[in-house]
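Next come two complexes built around chain A: one with chain B, the other with chain C.
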Partner chain A sequence: MTKTADNVNPHVYEKGSEREITATERDEDVLDEIDEREVFDLIRNINDPEHPLTLEELHVVEEQNVFIDNKDNLVRVYFTPTIPHCSMATLIGLSIRVQLLRALPSRFKVTVEVSEGTHVSEHAVNKQLADKERVAAALENNNLVQIINQCVANS
Partner chain B sequence: MAKLELLQTLTGHKGIVWNVSWHPLGKMFASCGEDKIIKLWSKEGEHWVMKTVLVDGHQRTIREVSWSPCGNFLASASFDGTTAIWDKKSGQFECNATLEGHENEVKSVAWSPSGQLLATCGRDKSVWVWEVAGDDEYVCEAVLNIHNQDVKKVAWHPSSDILASASYDNTVKMYKEDQLDNDWACIATLQSHESTVWSLVFDKTGKRLATCSDDKTIKIWQEYNADNQEGVIVANKDSIWKCVCTLSGYHTRCVYDITWCHTTGLIATACGDDIIRVFKEVDNSDPNAPSFDLICTKPNAHSQDVNCVQWNPSGNQELISCSDDGEIKVWKFTED
Partner chain C sequence: MEQVWFKSDLAEEIIKNNDIFDQTKSIVTDILSGRLQVTTLVENMGGVLTNKEIDNRERGMRFFTKILSEIPKDFLTEMQIKFVSKFYIDRLKDNHKVIPTVLEGYLYIVDMTNYNVQFSGEYFTVLFREVACQSQVRQDRYNIYLTILKLLERDAEYMKTLGPDFVYGVISAMDGERDPRNLLFLFNFLPNFLEKIPLGHLVEEMFEVISCYYPIDFHPSPNDPAPVARDDLANALSPCLCAIPEFAEHCLLLLIEKLDSSLRVAKIDSLVLLTKSCNTFKAESYVPFLKALWSSLNREISHKSDEVLKLAAHESLSALVAKLSTIANTDQSFENFIKGILISLQTAIAESTTVAQFVQATKVLLTAANASKESCEIITKAMIPAILAFYEFKTAPKLQIASLEFLGDMYELAQHWDLLEQIEKQVNEIPQLCLTAVNERTKEYQVVGFRTLIRVKNALKIDLVVPFVEILTYNIQHSEDDELLGISVETVHAIARKYPELVMEFVVKGKCDVQNLIQDKIALQKRLNLLSSLASIDDFTKIIIEEMLKVITSSNEEASKVIKALSSSLSNSSLYSNDKVAQIESDHGLIDSVLTWLDSEILTAKEPLEHGYSLISNTISSLPTEKQLNILSKHTTKLLEKCSVNEIHFQMLECLYRSIRQNVYNEHFEEILSLALKLALNSDKELVRLKSCYLIAHFLNKAENGQKFELMYELLKNYLSSCNRDDLNICPKLIFLYGWITKALVMRGSYLFQFWLKKIFISISNPECSLQGSDAIKIIMTDFPDCLNTKHHCRTSLLYRQRMFQNFTKMSENVVLTPEAKEAYVLSWAYILEKTPKTILNNEVNKIVPLAIDGLEYDNKDLILVMIDILIHFVQAKNISIAQSLQTILPRIINLTTYVKSMDVRIKSLQCLYEIANSYDTRLLLPYKQDILIDLAPSLDDKKRLVRNMAVKARTRWFLVGSPGENKEA
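And then the complex of A and B:
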């Protein structure tokens, strides 16, 4: 089953630099809340399902599209499909959601949505990703879990 | 001051607990979830304890459990596409019938008030009506393909064979068997929610229905018969259902479940913001435009989403809830 990628020749961007760890962060006595950069680090190395590239290299995820509110325990990530009719949008969103569900403390309410105006089925994709019952059912589908695990393997 | 007091926290499930269901006498309840196990709980002295574990009934998450009105049967709906019927004719609970037919996840199961009918629904967008045909025999009476998306929940009218279903398509549908041709047909579509309707519950009279949604609102619907005195136009039908109240601005995330106490008339909700809320109809409020007050808010009722709330059917103001956090909690409601 060889299927041509939706976007055969995506624009590839440079990877960002690694996060510098400061002295305060090493200090065990300083309260160190999870910040946008840490959430971004959890998802930047997720592989695109169609290319041997990371979501960061394709600018599907960007640090500026990650929002965190430690007081109310909210994390919101907007992702940008490389083309507006990308059929992989739900799978990419699911990979981001799964990675954050696995890696973040369970107190966080995670929302993953398509960046406004960047996908033809934006509303349908967002509704599906927000439905935790569908996400739970999808995660019991072994084939799908294998694909997602391949995407998040290097994260 | 109204308050919800925590009586007990019950642990033992691994992963998400999706649903809890009271036995009709209110002295026992069942719970189920991601771990594919059903647990039966009852009281020993002052404390709730786990009495029985039902295993090997399902291959995937058990989404909902439901007791028959006689209390002798328990139905369980699973993401594995089947509905299992458990009873203890042999002395202990066993699965003696499995209802197959849904293409994939079954999300809800409910017994009719007579116990003669069973309804199931699921991701395949269909609602099935089953008839109890004899010992351990269930026959499919109807497959209703009326919704155009995932069907989340089914519930029966408290005294007649009218069925209601809630869907990802943002609507609620009602069905009834036509006495002339014995065909089940959709008799009403309730449209007003702006996102998935997750759950629904009738009041004790069956003249009102409460629904909860991903749009963060609760809606109260009322039935108007063709001969209604209020002047509501009912064209070519026995009755219509009208939204008479919307409770918005209270819930901050998706509302997953709603329960309406048939003794006290109190409504409680389970929300994705980890809060349990209790609403009460205002005394002397207009029956055609009722208002409800939020009389109790329990923040951090659970440490994650609250998935289900159920008032004890005995009317003793006990409430059970369960959550993504793997816990079940028993609460006592009091109002001075």
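And then the complex of A and C:
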């Protein structure tokens, strides 16, 4: 039953620091826009399905690969699998998507894609992640939901 | 009629009549009174003891055993016991049905005072030959073990002479024991046995029998009313495995094997065993296994996520290194072991790319270095140069910062083991590296560089002082960052203690130019802070304080800055001891100068002169009683006169009297108290009223028990009863004063406070002044930095908040309130609940939870925050009454998640929702899940980021409720 991980010994990067709370954030009257950093903070602590490490530590998600447009209500996240043939890529993408669905206001349209040229079956993965019905179907599958919930539990 | 036990019919009676068993008490009484001889009794029982029927013999033995258990322990003589013992030993050969009572009976015999331990040899010989221990039931096995234990405690020397046969008997008796309770008993008893009885050639057999239980894998049956826990068994077993040095080889082989197991408990047990074994085994026994041990330890120590395992591995390593260091001088293997550790960890450090990896490796080295002097020497000698090189080689800032901290740690360990002389050469390089770091001019580097320098300050050589001081003085004058400023002042202070002359020359006279203190206005306040901190060092005190006082007495416009700096430094007790402050006062007349300054400023100052007042009160607080009295008598009369002219001068009077000791008293006290009372109620300056209340509270709190206190209390009551209550202006001031009086009394521990609390309570229930009432409660419950502290020599009863809580609870029983007063009432509760220790609240859940829920209804930010906090506390404790009222609580809290006026309320209410999802049973939460997920959606788009963060936390947690993959403790 136990399957050895695709990437047994991944490179581990430093964790970034927590966002510092600024004076304007404590100010009742100032409006804080949702920014890239905030979206990144939502997904950085998702656990990798294979390792007891977060996506941030593996550099699967990085702040510079998060884009947000508050006016048109768009959020776009690119993620980078640790190796090009990673079989977990879809699952990771799905975890990010689920987490954003739960944590972002519903006005946003969320797109999650593999960074260009970092995975062998990039297009297939992107297509799966973009297909609403397939995502919905996947979330009906209890085993899958269990794994995803475990991944996002600490984020 | 003669009783049956005086006749030989007794035998027949025992066989036929069950009731005879109830009469053993009377038989024992007869034996004790001498009417019946034991031998006669046995003779009369003859028929049953030698009966052909097994069951009858068993009854006979049971009857006799019962009598033995009831006879006082010191009654039978040695001869009689010998006779009974012989008889029982003989009975061991009887049918298996008879055996249990024999075993039990012998236990009573062993307990008797005149029992001769010589009888036991024969008992054991027969026992081990005739009775197969493991075929008996649990209680009988226990009796056998207990007999062995009792005899061992009675005479271990004799037990030794029984030789290998006895040991073998014991081994075979317990071989295969399966009952957890018996095992627990055996494990507790075996270390004692093993220490006292030499095993001879049976070492291996004994170890086999014990080690077959290792590692303990045991789950108590769920129906067991008093289950034996696995951990209890495991904790009891490990001392057996390492009870005697002879076990070393077997034990180490075993634990190395189990360390490699994939079972987590096996690993942890083995690590614990290794740690414990270091207490008994000889250091030499470990030598052949060191390689294997280190490779296992290294693996567990570098475990990524399991902290418990890691900690156990650290403890084992520490114990092992400490043990091995005892043979450091005679055997090469210790050094080789440490070098092996060094090599593996140097590799790990060199390869580390994150701080987590680096710290992991360095922690292991610190553990090893902390374990013994010898290891510390080897490790620091090798690692300090290595880390210095590593710093140059690695460019990642976080790693460089971590290296500096590691150097500081190593230095402190070397200091702890008194090794600094041996590694002087290595250590002397550290300050240079600190200098490199602080030259980076970024905050992170500078903070850690200075901090490390403070730790290694004794290694600082004179040639580095000037470069450091350059940077430090620059920082102190130009930095805006509080942390950096603080650490810079601290560093100068540390350097000044080592090199006073240099710092005097460069800092005090040079950069800060103390002689022309106020010439340069730029960054004056920062320079003053540094100087007032340095003034605590004896070499600097005179010159700095003198210059500062010059500024103060010349009434220069910068004087207030000097006062501010002095006030904040002098109140820091880690810088200035009481004696030091007293010395400054007597040498330089600090208080006189400050009073003069205050006097000249007080009428014209635009801002309150708080720093001046607190400087005086802090200085007075440090003085001994007599000096306090002197100063008071010197100034009081004059100040009282001034007060009568302008009440603003009362503030000076107050600061003089604020921090006096409890035994200080002079003839002015009554006059001052009357004045304070008058001002507290009539002055139109708020500050003067506040100061008056302070002083009244201090007087009441500190007055000596007895006459002085009563006098003062009378004065107070008389004054207050004479003043006019109908004046609406006076009412709020009066309630304010009540608050202070109550606070002073309750902190003093006096029951009189109830009288005043009742007055406050009445005002709360009166709609016209209910708000002032709740403010008074707030005063009572809150700590103030410049009032009623131990610093001011006040009495501070530890439990005063509990007392307030209890009294307020009592008063609020059956209270009827108008709706207007209700808010103030709930608010008063909030102030009390906020400060009452949570453990006290736990006893009154049923009263508090409804209050907290009520509190959520009012549009009052402070009130809501306190009440949600209390709810969160109970939720975290999984309180049942909240679980039952979720239906009421949830909608109210959901409402508050969109509370417009305060983001803190929104955050707290979201946190409360998170805690609820995290704490309670899924079946309680599921009915609300869908609604809450919908209700939480708007908060995700809150305008404040901090609210959104908490909303995300709460909402994602609620998503997990009842869904697969939720990780909740049952």
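Everything below uses one rule, namely that the second predicted complex is superposed on the first by the 155 of 155 C-alpha atoms of A that agree within 3 Å, B and C clash if a C-alpha of one lies under 4 Å from a C-alpha of the other, contacts with A are read in each partner's own complex, and residues count from 1 in each chain.
By our rule, a contact is a pair of C-beta atoms (placed from the backbone, for glycine too) under 8 Å apart; a residue touches a chain by one contact, two chains touch by 3 or more.
The structure presented is a predicted model; accordingly, all values stated were derived computationally and were not measured.
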* Clash or fit: chain B and chain C on chain A? -> fit
* Asked: Should A:28 be classified as contacting the first partner (chain B), the second (chain C), both, or neither?
  -> second
* May I ask you to decide whether A:127 touches chain B, chain C, both, or neither, giving the answer as first, second, both or neither? => first
* Asked: Using C-alpha centres in the superposed arrangement, which angle lies between chain B and chain C as seen from chain A, in steps of 10 degrees?
  -> 140
* Asked: Just chain B (first), just chain C (second), both, or neither: which does A:140 touch?
  -> first
* Asked: On chain A, which partner's contacts cover more residues, chain B's or chain C's?
  -> C
* Considering only the touch criterion stated at the top, classify A:109 as touching first (chain B), second (chain C), both, or neither. => first
* Looking at the overlay, does A:13 come into contact with chain B only (first), chain C only (second), both, or neither? -> second
* To do: Minimum C-alpha distance between chain B and chain C after superposition, to be given in whole Å.
  => 9
* Which residues would you name on chain A as touching chain B in one complex and chain C in the other? -> 106-107
* Could you please specify the touching residues of chain C with respect to chain A in the complex? => 304-305, 353-357, 396, 398, 901-903, 937, 940-941, 943-946, 948-949, 952, 955-956, 959-960, 963-967
* chain A - residues contacting chain C, complex -> 11-15, 21, 25-26, 28, 31-32, 34, 38, 41-42, 52, 57, 99, 102-107, 142-143, 145-150, 152-153, 155
* To do: Would you pull the chain B residues touching chain A in the complex into a rising list?
  => 16, 34, 60-61, 63, 79, 104-105, 107, 123, 150, 152, 168, 195-196, 214, 253-254, 272-273, 303-305, 324-325
* Within the complex, which stretch of chain A touches chain B? -> 106-107, 109, 127, 130-134, 136-137, 140
